[in-house]
Amino acid sequence: MSEFLANIPFLAVAALICVALYIMMSQRNLIKVVMGVVILESAVNLFLVTLGYREGGVAPIFTNAPGTLMVLPVPQALTLTSIVIGVATTALMLSMIMLIYRHTGETDAEKSRKVKG
Amino acid sequence: MSKIVRTVAKLLTPAILLFGLYVIMHGHITPGGGFQGGAVFASGVALLIVAFGAGRVEQFLKEHQLSMLESGGGLLFIGLAFAGLATAFFYNFLVGSPIFGHVPAFGPNPGDIWTGGTIPLMNVAVGMKVIAGLSAIVLVMALASSKQGEDE
Amino acid sequence: MIELQVLHAIVPLLIVVCAVLVARFKDLISAVIALAALSLLLALEFYLLQAPDVAIAEAGIGAAITTAIFVIAIRATKRT
Amino acid sequence: MLRKVAIGLTLIAFGVMFFAAAVTIRPFGEPPSAMDDYIIEHSQQETGANNAVSAVVFDYRGYDTLGEATILFAAATAVVMLFRKRKDEASD
Amino acid sequence: MDALTAHSSILAIAIPLFAAFLTPLVGKLGARTRNVFVVVVLAFVEFLVLVLARDIYANGIHLYTLGAVSPSLAIPEHYMVPVRIVLEVDGLGVFMGIISATVALAGAIYSISCMKHETGQDRFYTLLLLLTVGMLGIQFTGDLFNLFVFLEILSISGAALAAFRTRFIDAVEGGFKYLIVSTVAALMVLLATGLFYGQYNLLNIAAIADVMQYTALDKIALALLIVALLTKSGGVPSHWWVPDTYTPAPAGTSPMIYAATLACMSTMFRVAFTLYGVKMSVATIGWLIIIAGLLSMFVGVTMALRQTDVKRLMAYHVISQGGYMLLGVGVGIAVLGDPQALAAYGREAVAGGLFHVMNHAFFKGLLLLTGEALFFRLGTRNLNRMGGMGRNMKWTCAFFLIGALAISGVPPLNGFASKLMIYEASYQLNPMLTIIAMMVSIMTLASFTKVFQSAFTGPELPEYKEVREVPLSMKLGMGILAGATLFISLFPSLVVNTIVYPAADALLNQAGYIGAVMGGG
């Protein structure tokens, strides 16, 4: 049981992924679908940072750190990259939705004809 | 947007922008760097756009200027990567040289801004790029959005 | 140390709650606010996980820029 | 109705998979660290940066960062392109 | 020259990237300068890839460690795992590199006249260069996270290009679908990367393959990777985005998006063969891929028979022909654990699948370009409103004939050669596979006969009397791909032996791939 509790961050990641998938599959409003993608991105980011956490470690910055027991730096770098990638894709998706709305007057996946096949 | 928001934006924006620049410059010794600083700076620009409207911001911050700045940042960044090509692409050739070349001792230390080799320069390049890229995205989307609003 | 463990349990749970709120809200602006709250809590969790670099980036990009572009996009389209 | 069942089944499949992964993955806070220990030990000598994350972002994995900057550039280009003025806009 | 060879892998990626950042500035100097600049850059990339290919066929796998003291030093001295990003190019990587660079060059040349009347051309060419970067990047990298990054570059630039003609609603919707599918797929790849990183603290493909234990988490990662990359390569059951994205893609970009799709497919093969290899339950995975392939073939071709939009029809053939590649390589995976069967027909099956990738990139690219040429001159893609174009557009007609005969597997064209290899190999695993594949081939021929009849033969329609042949640069773009198709048709054994078998062997030689990084091997 205590092991189960200790893994709460990982469980939260799993729950976030499920919520994101639910939003993406069940919502017909395209903006909501994009929100699902954003939550999925957040879940993956949280997963990466969680992977790098070391019990009792400090941030991997030597300036004024108390010692060299540090959390892992690589996942943090990966997460930085993935956050910026996330905002880039989100912006492009939202721009496309704005254009779809300009053409059809709808942001609903089914009303605006073919989107989502 | 209401007057309060504008006043707050007027007071807050310079601080946000300055903090963004600070974060970019000290990326190699304190938490932060080009991305974080650029994001903070761009969020200041976003605040301006929300408070004063995209039209007014566009009067002194043109989209094509941002495009140029972004291209410039990208070229500077990849140029620094190319500069290491004598050894390998992305080789940190400035470590040990007089410019940013000091090497700190291993372990915790108070930090020295003249360290990091190409890292501070890359931070600046990426900072330029992120500021320009994110601001351009927000600005263009806001302009398109306000235009779309008028159409209806 | 025990407080830290409690925090490590509570913040992720709050993040999940925010995600569920995003799914439940019909009004898009409310959903965006929930999303922004999720981003801020995520930044807090990153800080707790000793990742201040990522926390700054998430606060700047996730909470500010993403919210801004969502609001812009919603303003240009329908609200629900 | 069919759609709801399909969504439910997919969600259950993914849910079981991810929760199984979350429980079986190693305990939180005790990562293996073959690669990262090298960086913690050597980043100061090799790059001169006190911030190990910066060292990873711009030196050890600088190529990823280049890719990321490229993505931002591509997205900005794409957004500007999508909202560009068109010749036929008057007739639109 | 030696220095150029040593750095050729990174230069092939970095130079178009540099050029992409430069394109907005060069665009200020005028359209002609910019067009020449883009074409010269892509030609130089092609040259670099060929230099790299010569090196690899002579000296084996090419390693490039970014930022290291010496590029060939994948693992830091006195250490046991790779820390930096390593580019690892083997026979497969350079094989796909040649395809991508050639298609990109043809697409760019074709676009010059085709895009003349569009606005925003600077950005068009920037994105075109970035798409090339993405394709080469995912082929050359030896690092899982880097794979994710370049997959995203590819997705964003591909989606933006598909949506380029924003005046058409289909274009924006197609781009949006492509973007959603790609983003979710890329996030799945990232999740799988995280699963590996959490277990082994490694990101390098070779190093992970070396220590892989095939735990429950590895199985989940395998499922995520296969689903994600199968989706991106347009196989059934996640094929629905393909026609919507390809149909509206402008000018020379649809062959490039197609080449990007193939790049994703070859990445899937890389994951299956190199990352997992015999450690996974090969028969199950192999048969799953075979079934996906058969379904793709069948669904694609039956849907294609019903289409009246010329490019949409071709897009459904993209799905159907992708099935052949999956079938060929799937047969190879299914017998991976059985050395005897592997030597008897497994290697040939993989080679056949890869040969079909190459052939198809050229002739389907050609067909997509002819479809765009018809649209360029007629302003419609509807087959029922075309007719008699064979008289006015002789070149386009000839190019179309080459492509159509090749895709239907008519001897002596190259499509026949690669399909024959797949038939022979799959027959030995299960004769039913061959029968289905042949049936699909006949249906393909029927479908393209219909296109030929309605577009090029028959009475000349009065409203198209004034239609002329397409401009020179479009003919040139089509000509490059037609030339490549004809070259392979004339010298199939030469091409197979010099570049296809090395690519297949690179896939099958997992130990070699690992050993190049980890030493020993």
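Letters are used for the chains, namely A, B, C, D and E, taken in the order the chains are written, and counting of residues starts over at 1 for each.
Here is the rule we go by: contacts are C-beta pairs under 8 Å (C-beta built on N, C-alpha and C of every residue); 3 or more make two chains touch, one makes a residue touch a chain.
Bear in mind that the values here come from a model prediction, so they are computed numbers and not experimental data.
Student: Could you tell me which chains are in contact with chain D and with chain E alike?
Tutor: A, B
Student: Mind having a look at which chain is the central one, using mean CA positions?
Tutor: Centroid comparison flags D as closest.
Student: Which chain's C-alpha centroid is most distant from that of chain B?
Tutor: For chain B, the chain whose C-alpha mean is farthest off is E.
Student: State the chain with the largest centre-to-centre distance from chain C, centres being mean CA positions.
Tutor: Chain E.
Student: Centroid from C-alpha atoms only, then distance chain A to chain B, rounded to Å. What do you get?
Tutor: Comparing mean C-alpha positions, chain B is 23 Å from chain A.
Student: Would you kindly tell me how far, in whole Å, the mean C-alpha position of chain E lies from that of chain B?
Tutor: Taking the mean C-alpha position of each chain, the two centres sit 36 Å apart.
Student: Can you work out the whole-Å distance between the CA centroids of chain A and chain E?
Tutor: Measuring from centre to centre gives 29 Å for this pair.
Student: Counting only Cα atoms for the centres, state how far chain C is from chain D in Å.
Tutor: 17
Student: Quick check on chain B: which residues sit in contact with 2+ other chains?
Tutor: 29-33, 35-36, 39, 67, 71, 74, 78, 81, 89-90, 92, 104, 107, 109, 111, 130, 134, 137, 141, 144-145, 148
Student: For chain C, which residues are shared contacts with two or more other chains?
Tutor: Expected reply: 8, 51-53, 57, 61, 65, 69, 72-73, 76.
Student: In chain D, what residues contact two or more other chains?
Tutor: Correct list: 18, 21, 25, 28, 31, 33, 35-36, 39, 44, 50-51, 53-55, 57, 59-68, 70-76, 78-80, 82-83.
Student: Please give the residue numbers of chain C that touch chain B in the complex, ascending.
Tutor: Contact set of chain C toward chain B: 52-53, 55-57, 60-61, 64-65, 68-69, 71-73, 75-76.
Student: Under the touch definition given earlier, write down the residues of chain D that touch chain E in their complex.
Tutor: 17-18, 20-21, 24-26, 31-36, 38-39, 42, 59-64, 66-68, 70-71, 73-75, 77-78, 80-82, 84-88, 92
Student: Residue numbers of chain B touching chain A in their complex, please.
Tutor: Residues 29-31, 33, 35-36, 39, 104, 107-111, 130, 134, 137, 141, 144-145, 148, 151.
Student: What does chain B use to touch chain E in their complex?
Tutor: 67-68, 71, 74-75, 78, 81-82, 84-85, 87-92
Student: Mind pulling up the chain E residues that touch chain D in the complex?
Tutor: Chain E residues touching chain D: 17, 20-21, 24, 66-67, 76, 79-85, 117, 119-120, 123-124, 126-127, 130, 133, 137, 145-146, 149-150, 152-153, 156-157, 159-160, 163-164, 166-167, 172, 195, 198-203, 216-217, 220, 223.
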